[in-house]
Structure formats: C-alpha cells, structure tokens
Amino acid sequence: MDIWNEVGWLLPQLILILFVLLLPAMDYLFRNDKRPLAWITLVPLLTLSALVVSWLFFGEGSFAASKVPYMQVDAFSGLFMLVFLVVGIVVVLSSPEFIKKDKNQGEYYALILLAITGMTVVAEAVDLIALFVGLEIAGISSFALAGFRKSEKRSSEAATKYFIIGGFSSALTLFSISLFYGVAGTTNIAAIAGELAAPSAWITESQPMLLLALVLLIAGLGFKIAMVPFHMWAPDVYEGAPTPISGLLAAASKKMGFAALFRVFLIGVLAVKTDWEVVIGAMAIITMTVGNLIAVSQTNIKRMLAYSSVAQAGYIMIALPVGTEYALAGGMFHILTHAFMKSGAFMVVAAMGVVMIGEKLDDFKGLNKRSPFLAFAMTIFLLSLAGIPPLAGFASKFVLFSSAVYTSLDPGPSWLIWLAIAGVLNSALSLYYYARVIKYMYMDKGPEETVKVPPMTAAAIVFALAMVFIIGLFPDQFVSVCQDAAGAFPGLPFGGPE
Amino acid sequence: MIPIEYWVIFSSLLFCIGAYGVITRRNAIVVLMCIEIMLNAANINLVAFSAYHTTLHGVADTSGQVFALFSIAIAAAEVAVGLAIILSVYRRYQTIDVDKINILRW
Amino acid sequence: MIEYAWLIPVFPFLAFLLIGLLPKRTLLWENGAGYAIAGAGGALVGGPEFTWLIIGDYEVTFGLWVDQLTAVMLVVISVVGTLVVVYSGGYMHEEGVGRRRYYAEIMLFISVMYGLVISDNYLQMFIFWELVGLCSYLLIGFWYEKPSAASAAKRAFIVTRVGDIMFMAGIIILLKYAGTLNFEELFAQHPQISAAGGPISKEMLTLATLMIFGGAVGKSAQFPLHEWLPDAMEGPTTVSALIHAATMVKAGVYLTARSYPLLIQTPDSLLVVAIIGGVTALLAATVALVATDIKRVLAYSTISQLGYMILALGAGGWLVIEGNEAGGYAAAMFHLMNHGFFKALLFLCAGSVIHAVGTNDMRLMGGLKKHMPITSITMLIGAIAIAGIPPLSGFWSKDEVLAAVYSSGEFHAVFFVLWAMGVATAFLTAFYMFRMWFMTFSGEQRSEYHAHESPKLMTVPLMILAVLALTSGFALFIGSGFDSFLEGSIEDLGHFEVLEPGELAVEIFTDPLTYVSIAVAVVGILIAYRIYFMAGFDRSVFGRGVSGWFQKTLENRWYISKFYDDFAYKGVYGLSLEADLFDRYVIDGIVNGFSYLGANTGNVMRKAQSGNVQRYASLIVLGMVLLIVFMLYILPWGGW
Amino acid sequence: MFEQIPIISIIILLPLMGAVVTFLLGKYGSYAKYVALAFSAAALVLSLLLVFDYQLDPDPTATGYHEGNGWFDYQFYESYTWIESLGITYIVGLDGISLPLFVLTTLLSTLSILFSWDTKTRPKAYFGLMLILEVGVLGVFTTLDYFVFYVFWEVVLIPMYFMIGIWGGPNKDYAAIKFFIYTHVASLALLVGIMAMYFQVYVETGATSFAMEDVWRAGHTDFARTFQIAIFGATFFGFGVKLPMVPFHTWLPDAHVEAPTAGSVLLAGLLLKMGGYGIIRISIPTLPEGAEALQLLMAAIALASILYGALVCLAQRDLKKMVAYSSISHMGFVLLGYATLTSVGATAGVFQMFAHGLVTAVLFMMCGVVQHHCGTRIIQSLGGLTKKMPTASAMMTMGFLASLGLPGLVSFAAEFMVLASMFSTWGLWLFLPILSVAITAAYYLWALQRSMFGPLTTKIDTSKVHDISWYEGVPVAVLLVLIAIFGVFPAVIFDYINPAVDIALRLFGGG
C-alpha cells in the first residue's frame, strides 16, 4: 500500500473529511429522528481521541510522521488535537436535543467536523501556508455554524459579525504572512526564525516591514483568541450563535488561535528582538483585566462566559512572554482544562436552552430547585474557572502562574512576576461574577417546577464534570503530557522543576 | 525591473483602501468586496515577493505564487459562505446595512 | 496542721458548688453555708502545690503562704463572713428563690477571698484578686432588675479593673527582672534585688511597686479610683458589709502590706502610697459630711478609713527604712482588723434599719431609737468605735496610725502635713458618724413607716460584732501584743524594737498626740450633737455663700464621678463611635470602593461594545496603531 | 494504639463520608442531622483517643513517629505521593501546635451540629456543608505539604460561602460575596508566596518538593534576606487577613452578622485559627529573617488590632457584631505573641487561639440563643432578659467573663503570657495592649448590663421568650466546663504546645 504509506500521517484529517462528506448525505436517511446523526459524528471523534489518548498518555501507537514540510505530527499537535476532539465530543453530545427542531442537521454535524479538521491542520502546521489554510477551513465552517439557525435574528447577526470580522482578520493575517514571506523569503516558521537570526542586508533594511507584519499577525491571531482589543466580536457571536457552537468557539476555536500563536511566536519570532515579550505581557494583563471587568456587569450568561473566556485567554497568554517550556506546558494545561470547564459551562447553558429555561442570569435563580444536577455542574465549572482547588482550573492556573513566578526568580526578567500577580488578582475578580451565578442558583428564589435534562446533554456535562474533577485531583499525568508537548518546541529554556 | 518597493507600496495602498472600506461602508456586500480587496493586496505581495525572490534572497522560490493560489481558493469559499450569510441576514432584517444589525451588544 | 490550710478555701467552695448546682431548694444553703465557713475558719499552713503555668523559665506554682499577716486577714474574713451569712438568713429572707444565687455567690466570694490571702505568689494572688472582683460584680448587681444596680456593678468592675491592669503590669515587670513571682523567692533576694548589679534597677522597681500599688488603689477604693465604692452600695447591705467594708476592699491594703519587702526599697513609692492614703482619707471624709444615703455615708467612711491604713503603710515604710520600727505597718493591719469589725457592724446595723424602714435616705428616717433599741445601741457602739473614743477598738488603732505618721515626719516633712490631714479626718469622722446616728435614731419620725426591731437572726450577729468593736482594740495588749505578733511577718526586713504591752499603754497615754486625737473626736461629736440633735439650729446656713458652694461641690462628690462619666461617655465612648464610623466609612469604604470599581468599571467599558461591527473593525485597526506606537516609542522610552 | 492505622486520614475522611451520605439522603433529608452528628461525633471520639495516644516524650524509634531533626516532631505521620511531577505529597501529621487545634475542630464541629438541631431549611445541604467545612479545617491543621495545604485552605471557603449565603441574615448576599472574595484574595497572595518558595528551593537545590519540611530544610537558612522579606510579606498577608488583622478585617463583622450561628461559631472558632496557625507553622520557621525584619510591622498591626478592635466593640449596637469585633481584638493577642518571636509569646499565641476558639464559640452561640428567642440582637432593644432566661443569662455572663480575660478561665493565662513576653521584648510599650484589658471589660459588661440586666425590655415582645433549649444549652455547657477546666489547669495544654513552639522558634535564640 504505497498510497497509504504516503498519506498515513494525514489519517485523522482524512477520517474527519470522510465523515464530513458522508453526513449531509446521511441526513436523508434519518427522516424523523435525527439523533443517529450525532452518533455517527461521534464515531470519528471517539476513535481519534482514543488513538490520541493512547498515543499521548500511554505511548502506544504513535502517529505516522509527516511527509511534507508544511505539517508536523508531534506531541504538541497531538495535545491540541486531543483538545479539539474532546470539545467536539462534548459539543456533539449536547447538540441533538438542542437542534432537534432545526433543518439541515447533517450539514450541522458535517460543519462541526470540518471545523475540527481545520483546527487539527493548524495544530500540525509548521508552515504559514498550512497554518493559514487550516485557520480558514476552521474559520469558514464556524461562520456557517454561527449562523446555523437561519430563522433566528440573533444567529444571523452573529454570523454576519463573525464573518465580517473574521474575514477582515484573515486578510490581516494573510497580509502579514505575505510580508513575512517577503522579508524572510520563506513561509516555514522554523526557517523564518533561522533567517531572522542571521539577518541578511535585505532583512535589516526591511525592519519596518517586519514590525508591521508582526503587528498584523498579533491582530490576526489575536482575533482568534479574542485578545483585547481584538475581542469585540466574541461576546456578540457567542451570544447569538447556537449554544453548543458557542461552546465550540470558546473551547476549541480559541485554542486553535493559541496553537498558531505558540508556533509562530515561540518558534518563529523568537529571534525577532522587537521586545515583543513586553507587548504580549502587557496585552495579557489588559486582556484578562478587561475581560473580567466587563464580565462582571453582564446579564446574559453566554455573554458573561464569553468575557470570561476573553479573560482566560489573557491567562494563557502569560505563557508567551515567559516563554519557557514549563510556561508553555502550563499554557497548554490551562488550554486543556479550560476546554473542559468552558465547554461544560456552555453545555449547561445549552441544556437550559433545551428545557426552555433561558440564558439570562436571572433565569439561573433557584436553579438548584429545578435541576440540582445542572446547578451542581455549573457550580463546579464556575469554581474551576475561578481557580478554586481541588478542581482542574486550579491545577492548570497553578502551573501557569507558577511558571511566571519561577522565571522571574531565575533567570528573570523579574517583571514577569507581575504577570502572575495580575493573574492572581484577576482570578479573585472573576470570582465575583462566578460567585454571583452560584448565588442565584442556590440562594435566590425562582420558578419551582423541576426540569429534566435530556440524557445526551447530561452525558456531555457529566463527561466534562468528571474530567474537571479528575484533572483537578490527579493532574500528574496531564502535566507530564503537557510537558512532553511543550518539549516538542526546540530551543526553549526549560524554566521549571524537572 | 520595477523596484520591489513599488509593489509593496501598491499592495499596501490597496490593503488600506480595503480596510477603509470595511470600516466605513454600510452595505454588507461592499464590505465583503473590500475584504476581497484586502486579500488580493496580500496576494499581490506574495506573487511580487516570489518573483523578486532571486533578487532579494539569492534563490528562486515559487511557494509565494502557490500560496496565492491557495488564498484565492480560500477567498472564493469565504465569499460563498459570506454571501449566504448576508442573504439570511437580509431575510431576517430586511436590510444589509451593517449599521442596523446590532441587536447583540453590550 | 498547717499543711491543711488549703482546705480553708475549699469548704466554702464546696458550699458554692452545692448551692449553685443542686437542683432542689433545700435549707441546706443557709445552714450548710454557715457551717462550712465555721468549719473552714477553724482549719488553719504549705499544702498541695501544682504547676499552673510555665512562663519561659519560671514555673508558676500554686502554693500556700500563711504568716501573721495572713492570719489577721483570715480572722477578719472568717468572723465577719460567718456573721454576715447568719445575718443574711434574716435580711435576705424575702428574696425567695433568689437566695440561692445569693448564697452561692457569697460562698464563692468567701472562698476566693481566702484564696487571695493564702496565695504564695503574685500571679496566684492576682487570679483570686480578679475573682473577688467578679464576686463583687455579681453581688453588687444582685438586684439586676434595678438599672442603677446593674450600672453600679459594671462601674465597680471596670474601675477596679483599671487598678488590676496596673497590678498585672507590675507583676509582668517583676517577672521579667526578678524571674520569679513567688513571695518567698522574691523577698529572699531582699535587699540585693535592686542594689547595683541586682536584677532590677531602682527605677524599674519603683515603677513595679507603684503599679502593684495601683492594683491596691483600685481594689481599696483609693483616690483617684475610689468612686466605685459608693456606687457599689446598690448591692444588698450584707454584701456591702462583707465585701465592701470588711474584706475585699482590704485586699488592697493587704497587697500593699504583703509587698512591703519590695516597697521599702523604693522610698519614692512609699511617699506616693502615703500621699494617696492621706488625700483619700480626707477627701472621702468631706464627702461623707453631706451624704444623705445612710449606706453612702458608710461607704465614704470606709474609703476614708482605708485611706488611713494606706497612709499608715506609706508612712510606716519610712519608719522601717529610717527608724527600724514597724509601728506603721502594725498600725495599718491593726486598724484593718478593727475596722473590719466595726464597719461590718455599722453596715449590718444600717441594713437592719433599711430592712425596717424600707429606704436608705436618712432624711426620711429619725426617731428609730424607740423602735429598734438593739440596732440603735449596737450602731452607737460602732459609731463611737470609729470616732476613736477610748477604750473602743477604733481609738487604739487610729491613734497608732496617727502616731506612726507623726513620727515619720522626722524623716520627711510631708508626713506632718499628712498627719494634720489625718487629724482633720478624725474630726470629720466623728462628726459625720454622729450626724448619721442622730439623723437616724433621734428626733422625730420624718416619714410614714412601721419600723420594728429585726429578728434574732439579725440582731445576734449585731451584738457579737458590737462586743468585738468594744474589745478588739485590746488585742494590742494580749500576750506579747499585736504589734510584735504582726512584726513576725516582716522580721526579715530588719530587727525591730518592740514594746511590751505595759510599756505601750504607758506610751500611748503619756503622748500628747493621743489627747489631740481624742479631743478632735469629742469636738466632732459635740458639733454633730449641736447641729443634728439639739433643736433650733438653722441648717440652711450651709446652703449659702462659700459654704453653699462647698456643700454643692461635696454633694457632687468633688465632681470626680462626673469627670469619670464624661471621660467614659464623651471621651472613650465618643472615640469608639468615631472609630466605628472610621471603620465603616473609611476602612470598609476603601474595600467597598474597590469592589464598586470592580463591579462597575465594566458597566462603562461595555458601552464600547456598541453592536456595530464596523466599530469593532476600527478598534482592531486602532489597536494595531497603538501597538506600533507602543513598540516604536514607548518601549524604548521605558528603557527596554 | 494507632501505629498501624492511618488515623488522621480516617478522621479527615469521616466527615467527608458523612457529607456524602448527607447529600444522598434524598427525601429523608430530615435525618441529616443524625447522620451529621454521628459522623462528626465519631471524628471527635477518634481525635480524643488520638490525644491520649499522643506521646509528650516520644520514643524516636517507635513507628509512626517522624524523626524531626529540627523541623517539627510529628506523630501519626502519613505520607503518600500525590502528584509526582510537581513533587506534591499528601503528608499529614500532628504536633503540639496542631493537636489542640485539631481537637478543637472536631469538638466545635460536633457542638455546632448539635446547636443547629432545629434547622428546618434545607437540612441536607446545611449539615453536609458543615461536614465539608470540618474536612477542610482538619486538613489545614494536619497537612504538611504546601500544595495540599492550599487546597484544604481554599476548600474551606466554599461551604462557608454557602452557609452565609443561604442561611444568612438580611444582608447575606453582600456578606457572603465579600467574605468569599476578600479571603480569596488573601489566599492568592499566599499562593504566590508558596510558588515562590517552591521554586526558590528548586533554584537553590534542584529539588522539587512542596513538602513543608523540604522547603524548610532548603530555605530557612539559605533563602536570601530580601526574598525572605518579600515572601514573608505575602504569606503574612495571606494568613493575616484570615486572622484577621487591622486594617484587613472588615469582612469579618459583615460575615458574622449575617452568618447563621453555627456558621459564626465555626468561622470565629476555626477559620480565624487557620490564619494564626499558618503564621506559626509556615511563615516564621521557614522565613526567619523575614520574620525578624517584619517583626515591628507584625507588632504594630497586632497592637492596632487589639486596641482598635476593642474600641470599635464599644460602639456596636448589635451583640453579634460586638463579639465579632472582639475576635479581632483577641486574635491581635495571637499575633502580638508571635511578633515577639519568643517561645513564651508564641506559645501563648497558640494557646490564645485555642482559648479563643472555645470562648468565642460560646459567645456566638449565646448571640444565636438571644437571636433565636428574642428575634433581635440589637442591644438597645434588649434588656432584663435574665428574668426570662436565667440559665442563658448565666451562661452568657460566664462567656463574657471568660472573653474579657478573667483569671481562672481559659483566656487569662494566654493573655498574661502574651503581655509578659511583650514586656520582655519591647518594655514599656506593654501599656498599650494592657489598656485593652480595661476596654474589653467595659464593652462586655456594658453590653451585659443593657441586654441581660435592668428592667425587662418593652421594645420587643417578650411574652414568648423562654429559657435556652436543650440542644443549645448542652454545647454551651460543655464549652463552659472546658473553659473552666483549662482555665484552672492551663499547663495541661502548654505541655503540648510549648515543645513544638520551641522547635518552631529555635532559630530565634531562646525564649
């Protein structure tokens, strides 16, 4: 099987694409009950995640190495792939009930898989071309997903906004890539780094262009991760999009942005001494602070979660200026836990949507009476987001912030400690709005009639919940996998305890 | 040969025009077109840099041109999805004036 | 025998537990209590010791210290305590169920008072010191429904606590420098303790002794912490007799006497002691002149007499240092004992009167002599005793006090002044005591009441105390004499010359000063007789002119009480209100300010999120421009 | 007796199991109190057995005894690896500092559960949360690993947040969230401190371990002075807010005023002790130079807390708020004791924590009784209650007296020793804290006079007021008996505390 040998490394993408093509057709097979579509969608997701887990956690059956210089299969991409797949599982599980009454369900699942395909491409990309292609595959699918509920004004509006800003940002990204290509003469990230490290006359001469390229790239990728001030679309889109899709955007799409950012900055631009650490550090602090501050004053839970994920992006960005292996591991660990807790929280909201409770904060009043399960799950997700031990969010924030503390101690620069302090203070600030939701659920009076959570949504939530507890209580394995993933980046100082 | 700077300035101008259009034009279709202009500005860059590669870096390289092809394809997909979205928005709002599409805010 | 002294406080304590905790209301509490005390009083010193606390290198061990000084206190407490408990059987009869609490508290008091006097170190003493304060608090507030009683109880506790914290500070200073609080170890170091190279400097020792004396000032109601005692009269009269006349208030005098080995190393402290004693004696006597509440007259009289004792101790210290004589020390304790008996008598008589009349106000009494013969006679005996007419007990001790003060004048002129104040006090004492007696028992009945003699249960203790008031002065001449007996407790301080009883009597009656004090007492009585017994004296002259102003000042207790009230309410309470506001609006205001910022900044910031997608796009552009500016200009400017 | 059994873990797990059972009761929620009482009582009994098994003079060769070598001498030592990659180990053990607090925790939890016997609203949640709170506090007092310590430290916040928020008074929302966030901010400072110590150890020795002992070994002599000062500041802030210290105390009165009685009891009785415990267990021994550098700051804060707390008490109208402020004042003594950095002072500080735990529990319970029977705690509306509730009045009086430091009751010994050590360290500054003794007497007695004595109040309907109920009386009585016993025989506890404190302070040269 020569062919197989050639494309084996593309196996995950191929499987996903296969199902992408199958699903719209399947739509016609299931006339009345469309739920089997979700089961079918889960097939590739579960299979692939099983493969990735056995590869990453148990060292069994590693993926075939890439045959092209554009993409690379390593622990880093594996971990991100796992995140995307797992979020996909959670989203798909909670979807059938949510879109029960909608048309074109086959396309819905197909688009989800397509978006995930794009994300996996980004995770593996080591070349700007592949990176851009991946970003666009994921991006365009999610534009469509955001507008999936065509009958709803808000869904359409979300899609429009997402599309306009998304298109604008991809133009920025592409222009930036073109400038990088012009300056360095290559689109391979590692090669760019090599060129910049030993600048030719042309490169020295075109420093302004490089600066522009860098800024454009920050803006373009900053859009994906919802970095302030490129975050404005996020709350609107998260609010308007169907809730499971909001979960997908917050928990997966944003992580794709980080995958790109890590690759480009930690490998590619490391050599560009434009002191970008300070810039990213400042933006990290601004992002978390602005996100949390605005989240406090929200009345819609989805908007609140959107701002909260803006803030979480700020935390993860700490990994960049610290720039050590340990910090990167911390960042990825937080990406992993954030995927569970944020998607879990969105799925609770989705479940509430399914049972017609609504998504205003006021709708949470007395939720404990109506559905103790939802209230409990939401409480755990929120506390985990706030970083309360022994939940997952605490473990990952701990590693992340401690990397900043460590590097500030040795070898410095010492201002990095302010990243940890800002993160810590912001965690306290975020507790304010999380605790308010908890208060609504447990301490306020609301409607009394109990609701029944549909089993598949419940399964999604239970899965996320279990992971939040498991990671929180036994972070050991996860930390070491993240460290392996970070180890895939050559040349980073270790910057943490062995 | 025309100096590479000319190309860069030209594409940058194009890019700025596109960006200006995205920010100021009310009509969603026009906004979409402006995004296309921005993408094309980047394409010009890619092609130009690819063509000048030997001058600038001493070796020939066509990956820029390949990249441009990719991006044209992507832009096409984007336009397709974009038009569909604009269409569905028009159905709900009876307008494609982006100023008026603002239920979701704050 | 002496090793069983710890049983002394145990008996009453058992009585306290029985009364307090047994559910059934039996007769036990009255009789049992009396017997318990009697039994305890009979028992007499080292007993079980246990380590209470280890402070650094110093182990605080609870132990016993019984010497002649203790014995005097034990006698007073046992005798007065027993009689008061018996008397209470009649006096508190109407209280019904409340008696249980009463007897429990009284028993507790007697127990801890015993504990106080047999303690062998300052810390143990301090513990009991505070506990007697507690009992005093509980008993003053026995009628807690009366707002005045509740308030007086609180005042008494707080004011004495001001003294107590000084005492505590003194203990802490001693502990640090001397490394021990045990009397035996502490006093054994004398006089090296403050000598050059000794563990404690002269100044520190002066401070320590003054602080310890501060405790005495609070407990023994000395100026300027004396105002709680008149207020304490809100409690039952039996309590006043036992606690606020005979025993607890003597604890301060006892403490000062106990600390003699330290005090005599610091003449400055002794001077302060003596001055405070003298000032208190005179000041309190003046207020007693105008008091109309029978118990308050007695209360001020108590303060005044306590001042005498303190004065004697202060002056006596100089005698010990300079003259190698222990006369002042003995005089103070002698007066303490005698005063215990006659003042308890006076209070119990007053109680008997109040019991019969139903009021404390002497202006509403009068003519009680014929209704209450026993009470009136016993009270007369008490009054004569306190006035210092020979051969009643008060004469002997008061004379010794004045003599000691006068003779120490040889070493410091201020003692002459203090002596003069003492004599003036003696005059005033005689006057106000008889004013009180005349107003109460002679003349016409001034209001409606049906007085009758109190029951036997009350009059018998009165008679016993009257006999003691008549005779306890003769203790001076029993055996080798009271002075030589008592000097046993400070014999380490030096060798004292002691007179034989016979020589002593001769000395007393050949000394002209003796006649001075008798004379002023007689004059005082005569003036009182003129004004309050004989008809036709227009008392309104007191209300006019300078004397009117003077009377007003005295009626307002020299405004000291008012000063404290103002200080407490306007000063401390006012400050606390300010502090509360500060806490609420400034400290918490800052906290809330931060939380307001956190909760509301977002409200402003989110307005930027206008919903207009082009606004978002322009912000992206703006963000990039700012980034470029930041990278190009601000970072280099910041030194990066 | 317990050499072969992981006794501490069992005691920690008991309430946790109890909580799970409680939550799973379903419609049998009304039995929650029996379950809770059974599990907490079991923990109490075991912890008491453990006291008797504790060796005052341990045999170093015996199993279960941890050879201290200058760190603390722990007994009932257990150690299991938890997160290997970060060097996180679940280690528990007890020494003379933690043992009294440990027993205090099981005791107060049991008594609080009994005290809340008539809780009708959501009993499952109520008793379950109390048990979780117990788990958290027990964990804090036994854990010897920074990471685990922090986990337990934070776990405590959540049940308390719920207790205030669900069963609290009228302004509960504000109080609950203020408590939660304020103390959480402090915890985060602590977290940063912990991280920094952990990494500094790694930088210096290459070892990765969160075990307190390892950090101490690497750190107490080798950490640079500036580092010690900075980290001492961070941890001190973290612990001090819990303590609480002026001016970071304002969460406390609000939390207390709104919290249900049992919540207040646990809050003041146990949660505040966590702060005091942290300082003596972590900050001082591990960062001795930092402690020395910030000694005067500690003392100044302690003095401010003592005096200011007492002064503000005087102005309070709400009985419970007054008691809350009094806690600030009394915990100031704990800090003052530590600030002397002498054996005497720190021993007294630890003892004061124990004493305050007993006493303040009584006070809050009595406030609860007053609230329960009279419907208000505003002092001005009360008066003459002795007539209606003599037993309650007697208990309250005794509680107040214990709190104002009456000798013969438990707080006196501690306060005296703190003052004595203060004098040996700072001389005549002694007169500042000693002043508070008088103010304390003033506010307690004044409150007593206005609420319990005097004529019966007419401002509230007293026709239905009756004496203390059995389930309220029993816990208070138990505590009062203990207050009296330890007041008369304080040395019993000092024998436990003193050796441990000597080890903690051995770098500071003598007592």
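A, B, C and D label the chains in the order they appear, each numbered from 1.
Everything below uses one rule, namely that a contact is a pair of C-beta atoms (placed from the backbone, for glycine too) under 8 Å apart; a residue touches a chain by one contact, two chains touch by 3 or more.
What you see is a predicted model, and the numbers here were worked out from it, not measured in a lab.
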Central subunit by CA centre of mass proxy: D
Between the pairs A-B and A-C, the one where more C-beta pairs touch: A-B
Separation of mean Cα positions, chain B and chain A [Å, integer]: 26
Where chain A and chain C are represented by their mean Cα positions, the distance between them in whole Å: 77
Interchain centroid distance [CA atoms averaged], chain B/chain C, Å: 96
Between chain D and chain B, distance of the C-alpha-averaged centres to the nearest whole Å: 65
Chain B residues counted as touching two or more neighbouring chains: 19, 22, 31, 98, 101-105
For chain A, residues contacting two or more additional chains: 160-161, 164, 168, 172, 235-236, 432
Multi-partner residues of chain C (each touching 2 or more other chains): 595, 606, 609, 611, 613, 617
Chain pairs in mutual contact under the definition given at the outset: A-B, A-C, A-D, B-C, C-D
For the chain B and chain C complex, residues of the former touching the latter: 19, 22-24, 31, 98-99, 101-106
Residue ranges of chain D in contact with chain A within the complex: 82-87, 147, 150-151, 154-155, 157-158, 161-162, 165-166, 172-173, 176-177, 180-181, 184-185, 188-189, 191-192, 195-196, 198-200, 202-203, 206, 208
List of chain A residues in touch with chain C within their complex: 160-161, 164-165, 168-169, 172, 211-212, 215-216, 218-219, 222-223, 229-230, 232-233, 235-236, 274-276, 278-279, 282, 290, 293-298, 429, 432
Sites on chain C touched by chain A in the complex: 595, 598-603, 605-606, 608-609, 611, 613, 615-617, 619-620, 622-624, 627-628, 630-632, 635, 640
For the chain A and chain D complex, residues of the former touching the latter: 383, 388-390, 394, 398-399, 401-402, 405-406, 409-410, 417, 420-421, 424-425, 427-428, 431-432, 435-436, 438-439, 442-443, 474-476, 479-480, 483, 497-498
